[in-house]
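What follows is a structure written as structure tokens; I'll ask about it next.
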Amino acid sequence: MKAIKDSVHDYITLDPAAADLLDTDAVQRLRHIKQLSTVRLVYPSASHTRFEHSLGVYHLASRALDSLGIEGDRARHVRAAALLHDVGHGPYGHQTETVIERHTGQHHDEVGDLLGRTDAADVLEFHDLDPDRVAALVRGEGELGQLVSGELDVDRMDYLVRDAHHTGVPYGTIDHERLVRELRYSDGRLVLEEGNVRTAESLLLARALMDATVYRHHVSRIAGAMLERASERLIASGIDVGTFRRMADHDLLVALREDVPELGRRIEYRDLYKRAVWAELGDVPADVVELDHAGERAAERDIADVAGVDDRDVLVDVPGRPTFTEAASRVVVNGVPQRLEDASELVSGLRAAQRAGWRMGVYAPEEHVDEVAAATEAVLGVRAVAP
Amino acid sequence: MKAIKDSVHDYITLDPAAADLLDTDAVQRLRHIKQLSTVRLVYPSASHTRFEHSLGVYHLASRALDSLGIEGDRARHVRAAALLHDVGHGPYGHQTETVIERHTGQHHDEVGDLLGRTDAADVLEFHDLDPDRVAALVRGEGELGQLVSGELDVDRMDYLVRDAHHTGVPYGTIDHERLVRELRYSDGRLVLEEGNVRTAESLLLARALMDATVYRHHVSRIAGAMLERASERLIASGIDVGTFRRMADHDLLVALREDVPELGRRIEYRDLYKRAVWAELGDVPADVVELDHAGERAAERDIADVAGVDDRDVLVDVPGRPTFTEAASRVVVNGVPQRLEDASELVSGLRAAQRAGWRMGVYAPEEHVDEVAAATEAVLGVRAVAP
Amino acid sequence: MKAIKDSVHDYITLDPAAADLLDTDAVQRLRHIKQLSTVRLVYPSASHTRFEHSLGVYHLASRALDSLGIEGDRARHVRAAALLHDVGHGPYGHQTETVIERHTGQHHDEVGDLLGRTDAADVLEFHDLDPDRVAALVRGEGELGQLVSGELDVDRMDYLVRDAHHTGVPYGTIDHERLVRELRYSDGRLVLEEGNVRTAESLLLARALMDATVYRHHVSRIAGAMLERASERLIASGIDVGTFRRMADHDLLVALREDVPELGRRIEYRDLYKRAVWAELGDVPADVVELDHAGERAAERDIADVAGVDDRDVLVDVPGRPTFTEAASRVVVNGVPQRLEDASELVSGLRAAQRAGWRMGVYAPEEHVDEVAAATEAVLGVRAVAP
Amino acid sequence: MKAIKDSVHDYITLDPAAADLLDTDAVQRLRHIKQLSTVRLVYPSASHTRFEHSLGVYHLASRALDSLGIEGDRARHVRAAALLHDVGHGPYGHQTETVIERHTGQHHDEVGDLLGRTDAADVLEFHDLDPDRVAALVRGEGELGQLVSGELDVDRMDYLVRDAHHTGVPYGTIDHERLVRELRYSDGRLVLEEGNVRTAESLLLARALMDATVYRHHVSRIAGAMLERASERLIASGIDVGTFRRMADHDLLVALREDVPELGRRIEYRDLYKRAVWAELGDVPADVVELDHAGERAAERDIADVAGVDDRDVLVDVPGRPTFTEAASRVVVNGVPQRLEDASELVSGLRAAQRAGWRMGVYAPEEHVDEVAAATEAVLGVRAVAP
């Protein structure tokens, strides 16, 4: 069996199908998509890729299947889905997924057509693996799909540990060996065995701390907003969205530099906009919180107008209300599987902390920050907060 | 400058006074007192000592002083206090401290008389360090004392990271470099600088997770209760409490084996009592929760009576109501120092989680577990819960 | 002072000049040049960049300067040189440096003109730093230059530890804190203080093990040879070498795909040539070992001719004879600075081991491996060895 | 299956026999024997025990057996032997083994009688494990015995990694996952599979660097010599050697303090003798290098006589000539199993380095160092070297 050295899980041993899938363009492309996209502008060590993450998810899926006693054909499909779960990502991963969804209606976990038309299709067929079944597992369907995409999935377990390892931040540390070992099925639902309320909580806490210090860091959000806007303009300039979606990071960087040069250069050399406004949930009117994509764009135009700047110089970034998938994970307490939010006193506190950490941002080139701040208050009724 | 290799902080560089203090019997004795006493019966790798912890606290104190810009005489006293802060511990550290307090009225952070009569006194004098001032710092007195003993002290920062490293548990991980770097004084109180609510929360979360998985593990509590009872009998058998307090772990193990042979042997070879009762806070009558030492002993005799066993075969272990020192740590928010419990939505959830994790235990030799469980229900009205 | 989190050294604190230099395009470009270029085709976790490495070298330089007691202007220039030492690298770092040297006569540590004409020039001037002096330090000139580029330089210390961390290989581990702490000057030469023969040896051993398992891995060498050849063709196709040198990894990948599509695709998707020949030093005629670039190309044409394949399908890869810079590092033994090769019994063994590990390779597309192997024996008298 | 958290290998899963063996007094006693005895006087973090090491050896043995495809009864015996391989150690492990061998003729790997008469005997019988077969495996007998005790045994792999982890030294790092995975049997000999000369060398290098910086550190050697002499006097004072052998560290510390108070106190509080003489192999006459135990004692008396000090104040410490077990490990090269010393150019260099690192020591209380140095030159013709 082929073994690959990984800096998180040490050796990862591949089954024959995985070894062949690894050599497909669809998977090799993931070498060129960074796991944390713009986060590495804050944490320089975080340049790891979705390729190594996919290997890690494959590894944890194998361990979970062993622990659950699942073998044979079913296990082979789950392992393939684990390895392929990210092939639907566009360049810069999550940072472009809303762009792609807006233009194609497709989420990154819709990999069916990708598996059907890439070289991965032949490899799957050769190993008697059904692409539709693999695609359904990637979407999290069925009992086994929960292992790949769900509240207790191995995707989450790998990225928390891996992102912590590569950023150098001490917060993503979870006991993944224990989590994997304590998984059980109860009436078709994946649950953690008795005695693991704390193990489940640690997953939540890791997520919450990583959100606050890594995933939602304002510098990464600013760069992400710039990237999203630049991508929109790139597509508007005539790049086909199908082509866009199949790009890797290097393709996008070069394409932006050529077709959206101002933003392209700023992203490449980390010459970022600054925060004109950075407002808490309580300081933002409800209708602003609810703004959709078109609403954000309209607001940008209005703010630019009032501020007397080009409307490319205003970025309005209103994140969705905080969600908390992990709160729905299930753990057995006194013999009964319960949702973690019912079993743990911590969940409501974490929810509140996440709401407290929510921020709306308005970004502008450094020289226009003051006008944009003032205009935002005039247009949206949101006051600038000294960042 | 002398440098010592440490598995947590790499090299620790000692100032001349620290280098000399290190060679005193008072500090060398800490080589023979394990940091986590009975915890290593659960986590075999956790046999680290208060000696290496003291070096770690010294190291973090030095870094904090540098960051705060405190130098000269004041800094030298703080560093000495950091190195000496644990010399007052009896054998097995926290596990015997209530025994010692009951018999002497002295807490382990009362090191004044120790510093006065040991070889450390000469070293302090030689380096122009005032033993009384050092002792006051160990008690946490004054502005600088907060660095050694307080809600944001370097003691806590070292032990969380060190205990995690040695147990192998991934939960004690805090960003101690950041914590130390962000300390400030505000009106004489030690606070964390603006932008560190999450840093402060991480300290709390680390503590809560370590409590649940390490410090309050039931096996460690059972062994601790056995050790405490054995120590009481040792003192009752005629060992002077002053002598007892100055023992190190090896002295106590040998003394117990000779003078309290039954429990001594059980502790040495990890042949522990089992849980007859393990009850949550809501299932324990308030007057039982309030039992003091004498009350616990009386309850043991009553239970033994009803169960028809020797009263040495019943251990009643009622921990105090959960406290949460770290909740009072201060962090600057929008320019104003606030108590963390006011600035963070997480604290109340953590408090609730700690209450939920509170357990009263009644322990007995395996062969008497059933009788003791029944008798406990009859005597105290507390039902056994299947552990 | 600005502090950046690093996964190897934890927080790296920047002086004001470094903080400003970091924002220049010259340094930001290093975010897009991977430290280990083609090595990550073997070790997927190794996608770290020259940007984070430059920060690490800056950090170790600061520590070394502190330990040596060097301050002020001299220290500021060394720190700037440490941060800038890699700005002269072309895309894919070492893998393209011979191409660039052939076409420009310039080595990657010639950064003088780069510092003169980029935005870094203004920053240096603003902070009263002399670009020529910085450039001389990068070339390793003068007493202080040895810290930046020499047998005991901090560049080496950082990359060994960092490359080990990111590959996951346990071999690059050196005691960099001790190395930095034990540096001294003796008659203008940087040496390790008395008692450090073993510390110096460990640097050698780390290098030797990393060479064998990481830096000289055959898969990385094959990809490197493909990349070098593709770069030659790219330049031949009309790309100006100055433009080429200033490219980053993403630029090169895209340019190759467009202008050298066959090799470009293979490199991007790791569809690599295979070893037709893999021969030890003793099995290769001396005149073949001595082949220069033109000689290698001629040999490729001859082999292709005999094998009946396109001459693009043959890559001859003859590395230089092994060298061993670290053997010349100096360490004080019984009061006298000695070259490590005179003080350590290990060096000759390591030299021999390096000669034993030397391999000449001839690579070809998988389907032509047999013909190319046979033709290589006919043309160069080198027998294929089953890899 | 019972799982135990380990700071080196994460979770260690125990088979039913191992879980029961773990609870025996014979194995629990190992909790009280430190792995590195006097080394922790140099590296304070190194207070790990033979208990956790035994678990680690058990774990690696399980992995090796899996990799070799060995199952059933044979595997169960190997796993039991791995767990029990150190039960024959006396207090302070290797530091007292020559004392015990001199008085009993028994080496620490002679565990047959221990397994026969302790509570482990019943557990072995209950699980259908043959104590004689287990004892033979511990002695390294038979094909499978090589896994437990031999040049490529899992004991070595665990202790190198574990000792590095706990000391904090970066040198013991080996790729144990790869080593275990690449083990094969060839004609009944354990060998490393093709392509692992470097893997085998790394084991050697790790050992050599750990020897130099950890295992043979002069402070540890001085304390070890004091401990050995104190143990001799303890036995001379009437302690039965059988009783002595069954002591754990704490028993010995207390016994020494009572019966050999002067040395006992010095060992407990690290108040150590100093080096009067520290001489290289080339500076020591051959007949002195060959001194046996009686010869060393006679030399001490003569030196004390000449120096005019009590003969307890002189410790002569002549280590055996360096050996290099790992050099005999076998690795497959071009299809043929070879001894590493024949396959690797490094071995002779390492041998030479080990000879160069050999030191004879003569130790004395600080106040007598000068007289003892002079007397040693007069009596043995060995010159003091400034340490």
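Observations on the structure shown:
By written order: A, B, C and D. Residues from 1 in each chain.
We take it that a contact is a pair of C-beta atoms (placed from the backbone, for glycine too) under 8 Å apart; a residue touches a chain by one contact, two chains touch by 3 or more.
What you see is a predicted model; the values in this text were computed from it and never measured.
Taking the mean Cα position of each chain as its centre, D sits at the greatest distance from chain A.
The interface holding more C-beta pairs in contact, when A-B is weighed against B-D, is B-D. Centre-to-centre separation between chain B and chain D, using Cα means, comes to 34 Å.
Work out the mean CA point of chain A and of chain B, and you get 40 Å between them.
Shown for chain D are the residues that touch two or more other chains, namely 10, 169. Note for the complex: chain B touches chain C at residues 3, 10-11, 177-178, 181. Only residues 169-171, 173-175, 198, 201-202, 205, 209, 212-213, 344-350, 352-353, 355-357 of chain B touch chain A when the two sit together in their complex. For chain C in complex with chain A, the touching residues are 4-8, 10, 23, 25, 28-29, 31-32, 34, 40, 43-49, 51-52, 55, 165-169, 249-251, 253-254, 268-271.
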